[in-house]
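Given below, in the form of structure tokens, are the structures.
What follows is subunit A paired twice: with subunit B in the first complex and subunit C in the second.
Coming up: the complex of A and B.
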């Protein structure tokens, strides 16, 4: 495996998707999902992407830089990336970064990646666990004009390119892409390694770089092209009907007929 | 987390500092009862200080989650002493316990997290216990005891061991003794074994309310499916979670919830358990906060101890409502171990002053903390659970 490479991992901060349903309050008025009683976490697919980077680092010396953007980022949460082995954490923090759609998110992240300058591989999760758009990764590759491979279950860096095992519905395919490329990582790659108390504490005061919109020279004045028109929780209407009959056979027949009438079977 | 609802509370707090001291009407002298106030000294570490901090947050005067602020907020052990003293001495009826949990929950929602708690939550998510121990080892404490599996069989009584007792091997005699006593008394008993999960109480106390609710929902579903009529636990923290925290999380169980001392005491009264052997020992009893002050169970453990011939129970100056916390609760043991150890040592010194040769309690977190403190102190002093002493009398 090639040494001295630079890997950039894009990580999104999201409300903990493992919280109970009641922890996600939908405010139809403001069209926002308001998390209650749960902490922000790194999006699980982005954790898979970080794990992919760390596995490459396990095999050969390389630098792993984690990039995250938002309005007000939770530093203790994102520092976890350093605790598990990333070398640098760059936060893109600005009020104007709140609620950006995937297009503008990709533009902003691409600007930061260009500012970093040297990179051989960009990794993202296959999609974020909050909106599940799956557009930012491929969007970055378009803007940076580099190839992208989606849904990776294994990523390997070699002298002459990146080898990706890509998940298919009934198996996987092996793809070779040049360096630099962007790869979106799926959960099949495996969970992010565990950070113990010692590792988490050790990075709490490690310096991190923070950049704002003006540092990145991105013009976010016209970011309202895509509008969320309606946001509402699904309404589940349950009705319970008791099928009556003289015996089990009669009840069974009546049930089958009822299911057919209701077009369930 | 909206803290505006506490506006009345922080406007009513007179900063009289009665939340810091034990009730001097019932004990002889002036003794601190809030561990964090006693250890750190500044008023910010008193309940009144934390209430004032809440005011500062609500009024927008405190905006930055500094390390110092986090330490003040997270060094509350959740022992409930401030609420008890405030209610009984000043008549001010704020719910300090809930206020301080909500204060922590606000910072959890904002991602201002304590490193040690993050590691604990990661371990919990992976292994379903707050110690981060392997999930498959959870039921090992009961090996060879032939306890029914509630996932396969209907039972009348579910025994919930809890995280600490499931994994702290030195404490296994407590749970093994408890289920042996129940089985011998003819109780139709079952447990979830490796499928048992954390009750969620500890994570609720450190402000991870969503995580707590997830575990509460899981446990309530399991209990309902079992068809049991009673849920028994030897852990005071779990007991408080089932009795107080679950209803706060809108998770109710239609079963009788009993701490092991309550149930065993009932079985002794019904003469289904008979302590016959003499256990000559001078002891003192430490009320675990979650069982005593918060849940009001003071008499059942003492009644069991009185049923054992030879036991001489000597009360500490601070006991029952005035009991001093062991220092292990509220996530403090994980985050500020020096403070926890100091508190436990204070309690051991007080216990020894009674002339007792052992301190007895009814909570595995207290027992673990006291054992560690005594080891550090190099003292010749024993720690027992009520059940361990009862087993000596059977």
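Coming up: the complex of A and C.
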């Protein structure tokens, strides 16, 4: 593996997607999902992307920069990236960054990446767990005019390029891309490593860079080309027919008979 | 400004016309009729004359073919560029892709090239009668909410979740025009290369095609428990599925995953064992014709979509269930 390369990982802060459905209150009036009793976390696929970067860093010295954009970000959540081994954390914070669509998000992140200047690999999660758009990664690659590979389950950085295993419905394919490239990462790559109390303490006072819209020279005055008309919770009009019985034996038999009567088995 | 007209469907080929394409042509036909415009489709590949000719019988008014040896297998760089050129020539109003491995890669790139917007993973599409714009319904927050979008830049591009639209039927009487779209592909624009493809799919019935699926979740507790799931699915002539944790933990291959980021399935019978019913799992199976849930927690979310529910430990229920099914055969 090649030494001294620069990796940028884009990470989004989201309400914990593993919360129960009751934790996602849908406010149709304001067209917002209001998280109830669930903490903000890094979007899980972005954690996988960060893990991909750290695995490369395990093999060969390189610099990992984490980039996160939002209106107001929870520093402890994103500081975790430093605790697990990222070298630098850059926050893009501005009121105008709230609720940006994937198009403008990619434009904003791309200008931050251009400002950083040198990069050999840009990583994002395959999709964010809140709006599930799955466009920002490929979008950045189009804006920066670099190649992209989506849905990685393994990423290796070599002298002459990036080797990516891309998830397919029936297996995977191995793709070679030049440097620099953008790769979006899937959960098959593996979970982000843990940060111990010691590591978390060690980065508590590490400086973080914060940039706003004017630092990035992005004009976000007209960003409503795609409009959210409606937001509503799913309704299930099904009534579950619970199979009853004296014991498990009876219930198992009753279930088999029901399915037979319905002619599904 | 040029006028944007027509509904364009991106055709996917896996040996033959992919099932998702027939679903897109069905909804595309309806949208085109509602707008009073033509339904167009485009197919890319190498030596695909046979596919192009066959497409006519599935309803498009025009089939555009881009036939080039460089398009033999999917390459994002080449496909984005030729589609960009086709769109510049045709100015379609709406473009439909499948939410598939290819669609997920290609649609975002094309939308950025064309400086328009994209809505991925739509489950419902219709035309607003006043504005004539496309109403795009998509689950968000992993399925905890549904969003309806409208896009005011053209073309309006969406990807459509598989199995949410019924496929269009073959009709030999349909007539349509097959048009070669001539475009030169410079090899230098292709920056990524596929070194190899590795198949990992288990033998037997494909999950997406199975009539009956038995799926296990984290509640199964380990690889041993999955042997019981396997036994039940064999007995029923079905396939084995899983929620995400068993795949992440290596109890089941990752190709078995059902859900938002796994496979979308709509079998006649879906049996969910030890699966809590997170919205991301429901995204992949809630449209199954009959759902049976076995879970020891009577409040589990899976019971909201289940037709039949059994509250109990699967280890106690399954043996009697399997035995009785065996007798009934």
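Keep this in mind: the second predicted complex is superposed on the first by the 238 of 265 C-alpha atoms of A that agree within 3 Å, B and C clash if a C-alpha of one lies under 4 Å from a C-alpha of the other, contacts with A are read in each partner's own complex, and residues count from 1 in each chain.
We take it that a contact is a pair of C-beta atoms (placed from the backbone, for glycine too) under 8 Å apart; a residue touches a chain by one contact, two chains touch by 3 or more.
Bear in mind the structure is a predicted one, so any value in this text is a computation, not a measurement.
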First, second, both or neither for A:20, with subunit B first and subunit C second: both
Which of subunit B and subunit C A:195 touches, first, second, both or neither: first
Partner chain in contact with A:76 - subunit B first, subunit C second, else both or neither: first
Contacts of A:160 with subunit B and subunit C, given as first, second, both or neither: neither
Contacts of A:33 with subunit B and subunit C, given as first, second, both or neither: second
Partner chain(s) touched by A:131 [first = subunit B, second = subunit C, both, neither]: second
Touched partner set for A:204, first subunit B, second subunit C, both or neither: first
Contacts of A:219 with subunit B and subunit C, given as first, second, both or neither: neither
Partner with the higher number of touched subunit A residues, subunit C or subunit B: C
First, second, both or neither for A:236, with subunit B first and subunit C second: second
Overlap of the subunit B and subunit C footprints on subunit A, listed as residue numbers: 18, 20
Contacting residues of subunit A [partner subunit C, same complex]: 17-18, 20-21, 24, 26, 33, 101-103, 106, 126-127, 129-135, 137-139, 141-143, 147-151, 163, 167-178, 181, 186-188, 191, 225-234, 236, 238, 240-243, 247-253, 255-260, 262, 264-265
Complex contact set, residues of subunit B against subunit A: 1, 105, 108-116, 118-119, 121-122, 125-126, 207-214, 217
Contact footprint of subunit B on subunit A as seen in their complex: 13, 16, 18-20, 22-23, 35-40, 72-77, 80, 194-197, 200-201, 204
Subunit A contact footprint on subunit C (complex, rising order): 76-77, 100-101, 104-105, 108-109, 111-113, 117-121, 135, 138-153, 191-201, 208, 212, 236, 244, 248, 254-255, 260-261, 263, 268-269, 278-280, 286, 289-290, 292-293, 301, 303-313, 316-325, 328
